[in-house]
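In the two complexes below, subunit A is the common chain; its partner is subunit B in one and subunit C in the other.
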Partner chain A sequence: MSAVPATTDRTAARLRQAARNPVVIASLIAIALVVVGQLVSPGFGSYNQIISMLRIASFLGIIAIGQTIVILSGGDGIDLSVGKVATLGAIIGARVMDGTDANLAGGILIPLVVGAAIGLVNGLGIVYLRIPPFVMTLGMLGVVQGIILAYTGGTAAGRAAPFLTELVNTRWLLGAPGVLFLWVLLIVVVTLVLRRTRPGWNLYAVGSNRTAARLSGIRVNATVIGAYVASGVCAVLAGLALLGYTESVFLNLADDYTLPSIAAVVIGGTLIAGGVGGYLGSAIGAVVLSVLQSLLTTLNMPESHRTIVNGVILLALLALYGRQRKLRS
Partner chain B sequence: MSLLTMTGVSKRYGGVRALDGASFELEAGEVHGLLGPNGSGKSTLNKVLAGTVNPDAATIVLDGRPVEIRGPRDAAARGIAAVYQQLSLVDSMTVGQNLVLGVEPSRAGFVSNRASAAEIDAVLERMRRGLGPGVTAGTEVSGLSPGQQQLVEIAKAVLRKPRILILDEATASLHRDQVNLVFEIVRELTAAGTCVVFTSHRLEEVRTICDRATILRTGRTVATVTVAETTESELVRVMVGDVAQPERRTATPSTDEVVLRVRNLSAPGVHGIDLDVHRGEILGLGGLQGQGQSELLLALFGATATPSGEIDVNGRRVTNSSVVRATGNGFALVPGDRGSQGLFMQRSIQENLSIVSLRRRLLAALGISMRKERTVAEDAVQRLRIKIGGLDDPVTTLSGGNAQKIVIAKWLLNEPAVVLLDDPTKGVDISAKAEIYSIIRELSSAGVAVILNSSDDVELAELCDRVVVLYEGRVRTHLVGDEITSENLVSAALLIGEGDQGTVEEQPAAADGGAR
Partner chain C sequence: MSTGLDNRAAGTRAVAWIRRVQIASVVTWSLLAAVVIVNALVQPTFFTLYSITSTFATFVPLVFAAVAQAIVVIGGGLDLSIGTIVALSSVVALKVMNGSDALIGLGFLAALATGALCGLVNGILVAVVRLQPLIVTFATASVFGGVTLVVLPSPGGAVPPAMSQGFRLAFAGVPVPVWCVLAAAAIWLALSRTRFLRHVYAVGGDALAAFASLVPVVRIRALSYVVAGALAGLAAMGVLGNTGSGDPFIGADIALDSIAAVVLGGIALRGGRGGAIGAIAGAIILALVTNVLFFLNVPTTFRELASGLVIIAALALSVLTTRKAVVR
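Moving on to the complex of A and B:
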């Protein structure tokens, strides 16, 4: 057999494999959406417009870090409290910062600790009280809502520190704001943690088979609890970025990010049952959802239609991925 | 004319032949025992008859007419009812509701309780002696002991007035009095023409209740005997057959140095176990399956709740209160079900190999060096001759034997001092089996304490220096060196020849009823 057909065979096989990779599919969809947008409304695909869409995507993307980790941990893992926790983080941050850079450190650290504590309670309830993640985090959503009302008395006070606003809203390098660079850094760090550290490998093992993980000497409970803590922390981080974007807070600032964060994870190819996937996919999933949102807005589609289109696209992707998994096995 | 004949019953699970042309014949009004060593196919044959296993091939003749049994409902419609050791009651429902589950008398689509109440009360009254005074139709099942639940399970089968009643280890969790009650009921049923298929690990029960017995060996029927006319040693001879004695491993110079010493270990399913494993020795766990072997290994490994007792490794006391601690103490377990307990199916071969021993190779206690991981994984793959495509392929791409070697290899990378193997060659092809044997021997020669549970007597005879035979969670017999033969293993597993064989040394018998 000559070497040439073997090489083309291998290239073809590699291409076929790439065409089945959810990360590749999601990237292609994002690009296709931009192209369609540009055709329908010239200027949609301009550099500045793309940077602006990516900036919006970064909020969702940062929330999706925690959601990815929680879903990877398996055991029907899901965190429905992320949107509310992000809102709470922004509210606390705004009040502590109170519009001055002098309070910046406290305004970031205190909300992060609160987010970690909420995640810890989620994790403890799920692991030790054996409350299903869906129910536990849904309950937590209600509790956090109550905390928000008690803490604010119904009206949110305070302002973002100028540094934070600048980080999110001011073009810094290559016409992009600092928050985009922060997101890229997070993508690299999170991917490294998942792929090249022991906690990362343990997370995949726990998500893949909890019994085998336990019998391999992995601390399953600690890993699961850690996943929910990470989710709380990431949610607050996204809340703070949103605070920088809006400068002042509302009582429902990030509430609507919960379901899109799950959608981003799913679009990115992470198995909803856990154990398979990664964060790069979720990040691209966040971009897809943000570009889609922009496109539908550009098309002047009413809110109701946008929601329907969002849902249909998500279901179509899920069906596509599910079908491929079946074909492969 | 016989009531039922089954011929040419075959069933394969993957590469394993559970039944290979087995046959079986029942006469009306008899109690028919099914006997055979581990893996002989008793349970599978029962399940084919009960409709819960679909055979690959089978000819079943009931009342002189060929029939097909396509599922449990089909079996029930033909008057076949089965009771297993595993309970199938619905915990949150009452005894009465469970008794009529699936056959509730109904009126216009609604369950009508009144019609069945009299019958339920009658059967519960019949069971009263075993159930105790407090149990009525309205008692919730979750509050009953396992023994009581087992009786309710039997009552449920009896209530269906079966023509053929299968009792597959249905007496395992019962006290002696409860067993006697069940036997009385069995005799009443057979007097009325019902026929009972009876399987039990307690040979004494088989000898008490059975008229005839069919003996299975490796999925084939080897004989049907009249129980009263057959001696126990004849039974063992038929069960074991004329197998050539396997070549024993060359006896290692046995040292007095004890690597693993276990005293009075108790945990769910095991009671007061004492073990000594010397340097360079392989200790086998024998007996019929499900007599506490897996539970013993899990308890040693810190994987079951609240084990008590003493464990010393090389003279050092260890506390294996969790798997994490046991792993830290140098223990390794190759679990009995590699799919659900040993492997991360969707993950790569590389990750499966590395996961246990990652800690040893971390950079700055956190980071993974892929170069190091590759090196150790490639080394292990070569050393254990594991046939893989590439390290990044998922483990699902591997055959049973190679998958099992991955589980063994992941532990070897952690350099354990004690290796516990739970039936490591189950469902593994012959060549991989031989390779796993040589891995086990090498481990033992290197000074690792090895405990091997095996459902295969030949395997125990081939590999082990000593075998302890477990019965209902306790050590019943020690076999050493040349005493480890298939015959002695089967005799010991069935408690045959207590006292009359000099080679079989008895441990103090335990009061029955404690085990389940």
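Moving on to the complex of A and C:
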């Protein structure tokens, strides 16, 4: 008598819960955007087109790994330097590689170390000097821009190693380039690390309540610094992937990725306050933003209209579930 | 009975006064003094009328933007769209004035209205729809930037001659750009006497407590963005006066610079503390650092790194000292 209604109740409850899950909503929005694109311009939803959109999304997605971790770490955590750090990574990478595979290892490792060092400085400043993350990483943005100018003397030189270009630009298994598989691998690894390992749990604990985390013996400072180091490393990784895509560098290659990376995290349902969320959502958020961009490009909109629509849609997405608590509650 | 009330009123006035002085935190003023002294040392002509005019002329827009940002930040928010509001207001005013001296007044009104309208959009989204200020203003920055490009697709157009020339004149022996900075300070001082701004402090300090004390939190939050937008409109007129022509991309650095200025001025990003006089000093510090590095003959390629390092050190210094003030 009671078994059947109970299960339907549970299914209904589960459905209702899913409908409120940002990851589900973001995925549905991504799919809806592709469908709209296919209706407006046939071929937009074709397999090849989707793969190529995902490839573009991977750059933003990889930057968003670090942004997610930093935001999860709480304490108003945010990293405004990721775009510039990615650019710096690509610039150093291009110089070291200089277009040959022989220098590939150095061309990847050296930028990664630089990225980690920048993240370390961010983390140290935030933890020990207690500079608010927004201010610290904003200041770092200026410093990294200065390093870029001082290092390059105003002109970018060097070239991506052929292997790197091939990884990003050549279709491999199932018609997808290697970078896409790399991204999927990263999604799995990052999600597992966040959900199933001690550093991941520590991060959530630190993000939701620092005092409680400290009292339970978690090394809060090390966790926060680690988050910013991870952010620097991920930004450089994304910069290197972008380098493979463009082959040569510009001085502002990845600068415009900073705010979209934050938007991707928010669209993916991670709370700006920290402690709640995950990387899968951010990855889907990155896909949503990239599909939106290419949809607007496909529609042949002039740049001005494109930025307007971009902003309006971002606001609409936020209004769907990014709303905050009412005061009277 | 009545004396008790008077005493209390005097008490709040005293508190407000202390708060206003505290803004002028020691670090901010020492930094400003240091930058001015260094600047005077490396640039012998620093104190000539011509040099003061042109130096002040470059930072008038940032000063107004910093006051705007200060009001929003004190209210517990953040406005990343200040830069594009400045850009949009400037191109709208440019179109309205159409290069004619007779229409300058109308241009001011147009810039103020455009800025206030943009601020209203931000305010409704943040306060009524209750979205994250950081992300909202990032998104609206994109919208306003797009509209700017629709109004003026590429740099060009000419500001009424009376405006660009008048901006370089001196009035009662003091250059007009200096008057503009003083006007920004006066606007802030006038605002800080209003109930609106007291409520902004209350909301920024503790929104829940403010709500419980019958402060119209939603309206105050929204209004803080509107006021900030209108001030950004004034910044836009400063941009026009300084450059003499329109540029849809002008606002790119203003948003983040204004936040840096606010922090340099000792305003906590958490809200509820500080004052815009400090932010004005912060804006001047930012502008003078660039000036100093120019006259020190730092190679162009290293100038940006040097200014980045100086600014980060200054930020660290002002943040560290405001923290100590909190503890005390």
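The criterion applied here is as follows: the second predicted complex is superposed on the first by the 319 of 329 C-alpha atoms of A that agree within 3 Å, B and C clash if a C-alpha of one lies under 4 Å from a C-alpha of the other, contacts with A are read in each partner's own complex, and residues count from 1 in each chain.
Please note the rule applied: a contact is a pair of C-beta atoms (placed from the backbone, for glycine too) under 8 Å apart; a residue touches a chain by one contact, two chains touch by 3 or more.
Predicted, not measured: the structure shown is a model, and the values here were computed from it.
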Based on the superposed arrangement, let me know which partner A:276 touches: subunit B (first), subunit C (second), both, or neither? first
Just to be sure I read the superposition right, which of the two partners does A:197 touch: subunit B = first, subunit C = second, or both, or neither? first
With the two structures laid over each other on chain A, which partner does A:312 touch: subunit B (first), subunit C (second), both, or neither? second
Taking the superposition as given, does A:38 touch the first partner, subunit B, the second, subunit C, both, or neither? neither
For A:125, decide between first (touching subunit B), second (touching subunit C), both and neither. second
The chain contacting more residues of subunit A, comparing subunit B with subunit C, is C
Look at A:146 in the shared chain and tell me whether it touches subunit B only, subunit C only, both, or neither; answer first, second, both or neither. second
On the A-aligned overlay, A:208 touches which partner chain: subunit B = first, subunit C = second, or both, or neither? first
For subunit A, which residues lie in the overlap of the subunit B contacts and the subunit C contacts? none
Complex interface listing, subunit C residues touching subunit A: 80, 125, 129-132, 134-136, 138-150, 153, 207-208, 211, 217-218, 256, 259-260, 263, 269-270, 300-309, 311-312, 315-316, 319-320, 323
Counting only contacts in the complex, subunit A reaches subunit C at residues 76, 78, 80, 125, 129-132, 134-136, 138-147, 149-150, 152-154, 259, 262-263, 266, 272, 302-312, 314-315, 318-319, 322-328
Applying the document's contact rule, which stretches of subunit B touch subunit A when the two form their complex? 301, 303, 323-324, 326-328, 333, 335, 340-347, 351, 354-356, 358-359, 362, 366-368, 370, 396, 410
Subunit B partner contacts - residues on subunit A that touch it in the complex: 196-199, 201-202, 204-205, 208-209, 211-219, 271, 275-276, 329
